[in-house]
C-alpha cells in the first residue's frame, strides 16, 4: 500500500477512504482529507457524530475498519508517527498528586522538550502563575485544562490532536487556545481540532471535516 | 556500678525496655520540632508567594 | 531512552512518596492477617509454628494481590495511560520502570516485615533466612506476572477479583516452591532446588514480562 | 458555671489557645522531667529486687505507666472526638488528632516493654493472650485513626472522619481493661487500686506513681506542643499566624 | 419512602446482574485461597481438619474485604453518590438498601460455597451447620460495619488498604466469636454462647449501621 | 437567626454575607443575592473563581464558613431544601451499565416525578430517540449530558442548580438547555446556572452573580 516513490516530506495526516465500524455499525463514513504542515484542520459534528473516535483512530489507539490513514507517512501508532504527535483528549492525563510543574517535567521526560522553552515561563503564559506548586487535584476544571495546554505547548511534536480543547475554559482561555494554535501553525506545525462549532478557531483554517451521525 | 548495669542478669531485658521508653518519646518530641520547622518554612514561602500573586492580578 | 526510564521511575517514586501512608498499608494488612490466624485457629504454639512459613507466604501474596490492581488503575482513570501508550518511547521500557517502582514500594516493606511476622507465629531460626530468600525471589516474580495480568484487565473496569482469579493459578507454583523451600529448611532438609527454580523463573520473567505487558496494554486499550 | 463557660470559649479560640499552650508548656515539661528523674531513681536504684522476679520486675516502672497512658489517652481522644463530631469546634478536632500519635507511641511502648518483660517471666516474647491481643488491636485502631486523618486533603474533614472512627473504636477500651477479668489470661490482674489497698509494696508503689504522673505531664506537654504546630498550619490564612511567622524568623 | 428503598435495591440488583460475572469472583477467590492452603502446608489430613473452620472463616472474611471497598466507589466515581446525598429521601434508608444489596450479591454466594470448602479441608459433620449459622450472622455484621468504614474513606481516593487497616481490628472479635463457635462444635462442646453474642451484635448493627453510615458519608463528602 | 414572621412563600435561594473558605483561604467573598420563584440567575466568573464551590455550598454538600444561605427558607441540605432542589454537576451521576431509560426510572424512584411527564417522550425531546436502550457507558460525551438533562427535566424540583450545563453540547444541545430553562421558569421554577460567558442563557435573566478569583 505504500507509494513507490514517497514524497520527501510526507504530510502530517493523510487519510484515504477511512471508515470506522463498531460491531459492524458505521461510526463515520469513508473520509478523505490531508492535513499539510503549517495548517489547522477542524473536525466538526454534532454530539455522537464520531469526532472523538476519529481522533483516536488517527492517534493509533483504535484500528480503522477500512481505508487507510497515514501519519507522517507511517501507520498511526507506529514509532515514527508517535514521535511527531502529541494529543489532548477528554481525559487530560495529569497526575492529581503532582504539581503542575512536576507534571510538565514528567511530560518533557517522556516526550522530550521543544528547544528554548521553559516550564515556568509556560505556566505563566497559560495563566497559572502562583499555582505551580499546588497539587493538580485541587485545581478547578479550567485550571487543569490550562495545565494540559502548557504541557502540550512544551512538547516538540509537529502534529497536535486536540479533542474539544475549548471545553471548561473561560473567554481568556479560549483566546489562549487560539493563540497557541496560531503560533504552532506559524512555526510549521499542524493540528486536528474537534469542536461543536459554538466556539472554535477561525483564522486560517485549511480544511473542515464535517461528520454527520 | 557494674552490678547495677548487670541488673541481676536481666540487663538484656531491662535496659532495652527503658531505652524504648525514652527513645520513642524522644522521637515523638523531635518529630514535632521538625514539623514545626517545616510548617514555619512553608508558611513563610506561602506569605511571600501570596504577596506575589496579589501583585500580579490578571486584567 | 534511559532518560525516559528515569523520568518514569522518578514519577512513580514521587507519587508513592506523596502517598507514603499508602506504602505502609500492605504491611499493616499483612500484620493483621497474621494476627487473625491465631484467633481463628487458637493460640496453640506447635500448630502455629508448623504452619507459620506457609501462612506468612500466603499473607504476603495476598497483600501484594490487594495492591496489584492499582498498578495501572490510577493511570487509566486520569487518562495518563493513553499518553504513555502514545509516547515516542518504547512502551515496554516505561512499563518496566512502572514494575520496578511497584516492587520497590510494595514488596520491599513486606519483605522487611516478614521475619517479624514469622517470628510472631513461631517460625524457628534456621528457616528464617530461607524464608527471606524465597520472598526476595517470589515477590518480584509475582509483581511481574501480576502486572501482565493487570494490564490485560485494564480495559474491563472489573474489580480486583478478575485479577485474583487469573493470578492465583499462576501463583500456585510460586507458593509451592517457596513454601517447599521454607518447609524443607524447617525440617533440616536441603532447600536449594526449589529456590533455584524460582530464580530461573524470575530471570525469564524479567526479560519477557515488560514486553508481554506492553502488548497486553495495547490490546486492552483498543476498544 | 459561667466562669467555666467563659474559659471554654476562650480556650476554644485558636489564637488564645496558642498563647495559653505556649505559656503552660515549659511548666509541664519541667514537672514531667522532675517526676521522671525521681521515679527512675526510686525504681532503678532505691527499690529492692523482687524476691520472685529479681531485677526484671523493674520494667514495671515503664511498662505500667505506658500501658495506662495508652488507655487514658484514648479516653481523652474519644471524648474530644465526640465533641468534634457533634459541635465541630476546631480545638476539639486538634486535641483529638494530636492525641492519637502520642497514644500510639505509648501503646507501642507498652507492647515492646511488655514483651521484653514477658520473656523472663513467661518464657516467651509473645502469646495470643486476650490482654496482649487487645492491646495490639488498640495500636491498630490508633494507626487507623492517624491514617484516616492523613488520607484526606482537607485536615478538618479528615479530623471529623477520624474522630468518628475514634468514637467507634472506643468499644475496645473496656475489652483491654477487663480482658484479665473476662478471660483467664497469662497477664496478671489488677494490682494497683486507686481506692482501697493495693497489693504492692510501698517502696515500689511511689516510684510507679511518680512515673505514672511523669507520663501524664509528658502527655500534656507534648499535646500542647503538637497542638500549637497544628494550629499554625490549620489557621495558615489568618492574620495572627502571619504575625507569629513574622515575629519568629530564627526558628529554622 | 418504601418506594425509594425499592428503587435503590432494584438498581443495585440490576447493576449486579449486568455484571453477574463479578458476583462469582469472590466465590472463586475463596475457592482458590482454600486450595492454596493445602499446598502451602502440605496435605496432612488431621492438621488441615484441625484448622479448617478457621481457614474457611478467614477466607470468607478476606473475600468480602476485597469487594468491600467497591461498595461506594462506583457511586463516588460517576457522581451518583452526591445525587443520593442530595435526594429528598432519608440517606440512611438508601444506604440500608445499598447494604442489603451488597450482602445479597456478595455474601450469599460465599455462604453457599462455604460448606463445600470446609468439606474440602476436612471439616467434620456436626460442626458444619454451626459454621453455616456463624457465617449467616457474621457476614451481615461484617457487611454493615465494613460499609460504615468504607463510607468514611469515600473522600480519600485511597486503595482498599486503609479500609483493611480500619476494618480488621473490628473484625477480630467477630472472627473470635465465629471461630470459637465452630471450634467448640468441632470438639463437641456447647457453642450457643458465642453465636448468641454474634446475633446480639447483628441486631444492634442493623439498627445503628445505616445511620452511622449516612453520617460518615456526609462527613466524607464535605470537603 | 430566623425571621420572627417568616414570609408565607420563602424565596428559593436567599443568601446573606455568604463566605466560603478552604483552609482559611477565601474562595469567594461575602455574597448577597436572592433568587425569586420563576427567575433564572447566572453565576459568572473565570476559571477557578469558585462557581462550582458556590453551587456545592447551596446544595448543602459544603458548609459555608460565614454568612447564611437559605433554600426555601431552610438551611441548605436540610430535608425541606433537598425536597425542592435538583442539581447537575461536573459529574453526571449516571450509571454507565444502565440504559438511559433505566437511569431515568431510577431518578424518578429516588426524587419522584413531575406529573404528566413520560420518560420515553423526554428522551425524544432531548434528541436521544433510538439510544434509550444502549448502556450509557457507550454514549458520547454530549449524549451523556443530554441523558442527565432529561432526568433533570423529569423531576418535580422547583429549584435547579446547574454547573456548566452547556459543556460538551453542540449547538442544538445549547438551544435545548435554553428551551428547558425557559419552560422551567415559565412554570414558576427557578435556577442557578454557572457559565463562562462564552455561551449562556440570555432571555429573562433576573440577576447575574459575578465571581472574581
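As written, the chain order gives the labels A, B, C, D, E and F, with residue 1 at the start of each chain.
The definition used in the following text is that a contact is a pair of C-beta atoms (placed from the backbone, for glycine too) under 8 Å apart; a residue touches a chain by one contact, two chains touch by 3 or more.
Owing to the predicted nature of the structure, the values given are computational and were not obtained by experimental measurement.
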item	value
Count of contact steps on the shortest path from chain E to chain F	1
Furthest chain, CA centroid comparison against chain C	F
Inter-chain pair with the most contacting C-beta pairs	C-E
Centroid comparison with chain E (C-alpha atoms), farthest chain	A
Superposing rotation of chain C relative to chain E, computed on C-alpha atoms, to nearest 5°	180
Separation of mean Cα positions, chain F and chain B [Å, integer]	49
Chain centre separation in whole Å, for chain D relative to chain A (CA means)	57
Chain D residues counted as touching two or more neighbouring chains	133, 140, 143, 147, 151, 153-154, 236
Junction residues of chain C - those touching two or more other chains	19, 21, 25, 28, 32, 35, 39
Chain D partner contacts - residues on chain F that touch it in the complex	21-26
Residues of chain A defined as touching chain C within the complex	59-63, 79, 82-83, 85, 87, 89-98, 102, 105-112, 135
Residue ranges of chain C in contact with chain D within the complex	21, 24-25, 28, 32, 35, 38-39, 43, 45, 120
Chain A-facing residues of chain C, complex	3-4, 6-8, 10-11, 14-15, 18-19, 74, 78-89, 94, 221-223
Residues of chain C defined as touching chain E within the complex	19, 21-22, 25-26, 28-29, 32-33, 35-37, 39-42, 47, 50-51, 53-55, 57-58, 61-62, 66-67, 70, 77, 158-162, 164-165, 168-169, 171-172, 175-176, 179, 183
